[in-house]
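Same chain, two partners: chain A is paired with chain B first, then with chain C.
Here is the complex of A and B:
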């Protein structure tokens, strides 16, 4: 039997947690309620569902070539994620599995580069892309993001837990190094891949500054840029912006819920 | 697999032919690219302008790229700094406060237009702000000529009519606010302590700014700046304002009737008129002038923007021809955009047109557009310099001190010091 004091403590805990839950859920609720209201109602502070949802959706779809915009966003985020995972997991595997005199120095150099803010790289990168003559292309958006240092670091850390016995056994069975990577490493590390997918996809999907600078035309714009454009203007339509915000949030939410279990495993360490 | 590959190859071949055909046609007809930031306002007016131009130039086309304003500035700045001109537009819209920053930071990036445009036909202050070393670079677009927007019905309840608001000083307005509060309990003005808009309005109304004509900081030794800060302080102390935070709450305050009036640029008209249930209940008076200041006038400006042609523009000649044909002389065009977008251009001759002479029932039958264009011609020219943003930040930082009744000289010294330190 718990003492009254413990009960009180528990009540306090729940109160605090409810408060925290409210603080984190309310913006979502506001977004969803806002999508169903007119701009004027939102400005008045109306937080209850309204009837303007369909109007807002129609306006949102008509504001840009949405099929193209969604295609751009999914292509860039999807392809970017796949390429980043391939490059980063290969690099993480390499850094951990192969010894070399320069290994730690190179890796330290990489980590050091993490501290350079993107703002400092932006203009040189733009000049580079202009010299390659690939401004306003998908390549220009993808190339600088593929070799993500953070994800390489993440894979190297996860690879430390990869049992060497598995690699040895595979060698004895006659597998080549690329086969070990493909048939042994990748399946064993699937939780790490899942967690990295969430992180990279979210980053790519939400990516704003670099696409903004390197993409020039409306046909190339991504959803993030379009939603930002909706907020421009002297009289923004907040209902439409909320619909845009929902569209921009949903894919990352879905990916997260689909990969949630693996994500937690991946964060705790992939190999049991 | 093989079949899909060949099908892809066919598609690719067709696409490539399409592209090459496109480039052939592109050579004979120009496509002008424009960057701006509001699809319903500057984007829409640009489209209207081009449709008029197209009547005589049927082969030419326009491509209007809309960005978020801050994003567009970031993009333009990054690209100009990189020196790569690939993908820059032909025409770009720049906010007036930032014009000098761009003109001075990127000296050969914009095309001077003196040989193409008769600038005496535009409002003088708009020309001045885009002039550097005797060269003018812009086609002036919308003006932010200020007015005092008020609820005529609610002020009438307290016994004040349009005549009481004509050509008054800020102190007279404060007295009106007090009387209204006493009689009806209503609050006259919303005030946003995170914005320096009103200080800027006051400064320009007396032909002054944070900087003098040569770009030197004139804050600590500027009687107009002192008068503006003192007026702001009196306004706060009078108890006739209510604090609001951010744009939405600010506009919501006077459109919902919580406060009775505001000062703003003419572009606020659209926000006010978006409430049809308040038709006939609004009036516009000239903005008040500062008390006891030399050169004080009842005309000022808030915001506004202008079109600029880039020197690197692939269709430079065409872009200049388009801007000068429509934007620099077509009076009928200015009537169209006034009616459709509520855009008050800076071409002085536009006021002779029909739309400008019409009265507006929303504003109780006042000839609002004639009034605004009269005030427009009177706006004193000032040099916005290249550090207006920094000076704004320094001013906003001191607004709490102003509001709480701090010593004005100390506050001004602090603003001056911060601005000087930032722009070193």
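Here is the complex of A and C:
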């Protein structure tokens, strides 16, 4: 079993995995260390903790109306997640529960649309928003993202595991369809909802291109956009930016660690 | 029944929405230019050609590297005897939770002229002079590819890992008893069994790379001298940075749609061939 060659192979595997783990984690360490250093130190490659943390935080808070920015970010990501889950789970439920001649055709069409790159939709969407006169509003950011085909697909796959007997029993008991959905389906599918929440929240929170296009004034900007704006100057202050980067990463990082197990399960469900 | 009504509103509405969207593109083009004027412009536009080659270059280099790495890590982590599995899995997946903006900034500072990357390389005597990462066309591409690979390898790895855990263990046992060596088990058992997932991830990665925007916009803004300009970035520049030229930008964006279509088709055909 453990020939010298196999042992060597094992050692090599560990070495490569350790290297990969180091490469993966190092930028996080770099970000945290960077937040405590001045910009000049970071550019010079100083990776040890410095003393500029407080300065950086103060500068970061003063660079934009941070209360407003955080409010925008949390509102858009939070509201977007709730709306997406409602729409996508209703659609996924409907696709799986109700039979119709066009069901598979419509669903195939949806999957086809999934492969259309966002870049192709970006311009017509922008023109549409301009026609609706809702450029630079929350609605403009949210509307195109709510009907996420990927999440609908995900919910439909998960709904396949929902026991039909449960629905039939509820019908016999005289529950209306919306009652079945609300009181039977939703509680049974909670782990699916949890996994979808993570995926959608992360996507919305990190969303960059679309908000960049439709949000045009400073008081509408999200954290992602603010950090991006800070980097785009000729002499970006990296210490301040690192503080911003931490703020932008922290929520998703926390969510990931709290719900790690569910997240992996969720990915598993999407593959099957 | 009320659920059906709700469904009608929430399902049909977005479908009509995106249908209308696609008409908008066609109409917008015809309105402003008409006919093939945009396509002619496309073939004569050196910037477009450059963006196209860059995008294809990123695709050809980055996607294979990333998927092979992801497959390798997934296979290593799938070994139940491996010590520290949970740690390695979390560590390699961790980059996926970072915000795109945050990691772009971090990479920008790591690859600054006097930054830590140059210092380390000089310290271990790999290079004598600092590399001007983001101002040199070749190295700027390297940085972009490194950054994307860093961010997305773990993501793909999770898909492989999930699929590997669905494979029946007894197949491996049988192969092991028959004296099939480890690499052959990987190549002749794991890879064929994972083919659907590999196909899925390669399609997803292809689409992702063809749409590449966030990273290049934040790291290099397409520079130096357009060496990292991608199609998506070019579309953005055409529509929102230079004189708005929605019609032409829409034409460029349809190049991406066509590319996605062609490449997905090729990938499906290749996957089918291997099955035979």
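Everything below uses one rule, namely that the second predicted complex is superposed on the first by the 245 of 272 C-alpha atoms of A that agree within 3 Å, B and C clash if a C-alpha of one lies under 4 Å from a C-alpha of the other, contacts with A are read in each partner's own complex, and residues count from 1 in each chain.
Quick note on the criterion: contacts are C-beta pairs under 8 Å (C-beta built on N, C-alpha and C of every residue); 3 or more make two chains touch, one makes a residue touch a chain.
Predicted model, so just to flag it, every value in this text is computed and none were measured.
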item	value
Chain A as common anchor, with chain B and chain C clashing or fitting	clash
First, second, both or neither for A:122, with chain B first and chain C second	both
Partner chain(s) touched by A:151 [first = chain B, second = chain C, both, neither]	neither
Which partner reaches more residues of chain A (counting touched residues only), chain B or chain C	C
Partner chain(s) touched by A:130 [first = chain B, second = chain C, both, neither]	first
Which superposed partner A:220 touches (first chain B, second chain C, both, neither)	neither
Which of chain B and chain C A:228 touches, first, second, both or neither	both
Which of chain B and chain C A:194 touches, first, second, both or neither	neither
Contacts of A:63 with chain B and chain C, given as first, second, both or neither	first
Footprint overlap on chain A, where chain B in one structure and chain C in the other make contact	43-44, 122-124, 126-127, 209, 213, 228, 231-232
Chain A contact footprint on chain B (complex, rising order)	37-41, 63, 65-69, 71, 74-75, 78-79, 81-84, 86-87, 248, 251-252, 256, 267, 270-271, 274-275
Residue numbers on chain A that touch chain C, as the complex places them	6, 9, 13-14, 16-17, 20-21, 23-25, 27-28, 30-31, 34, 42-45, 47, 87, 90-91, 93-94, 98, 106, 109-110, 113, 115-128, 146-147, 176-178, 180-181, 202, 205-206, 208-209, 213, 224, 227-228, 231-232, 236, 238, 241-242, 244-246, 248-249, 252-253, 255-256, 260, 264, 267-268, 271-272
Touch list for chain A against partner chain B, complex	40, 43-44, 63, 122-124, 126-127, 130-131, 133, 135-136, 209, 212-213, 216-218, 225, 228-229, 231-235
Chain C residues within the chain A interface of the complex	1-4, 6-7, 10-11, 13-15, 17-18, 20-22, 24-25, 28, 69, 72-73, 76-77, 82-83, 87-88, 90-92, 94-95, 97-110, 112-116, 118-119, 150, 154, 158-159, 162-163, 165-166, 182, 197, 200, 203, 207, 210-211, 213-214, 218, 221, 231-232, 235-236, 239-240, 246, 249-250, 253-254, 256-257, 260-261, 264
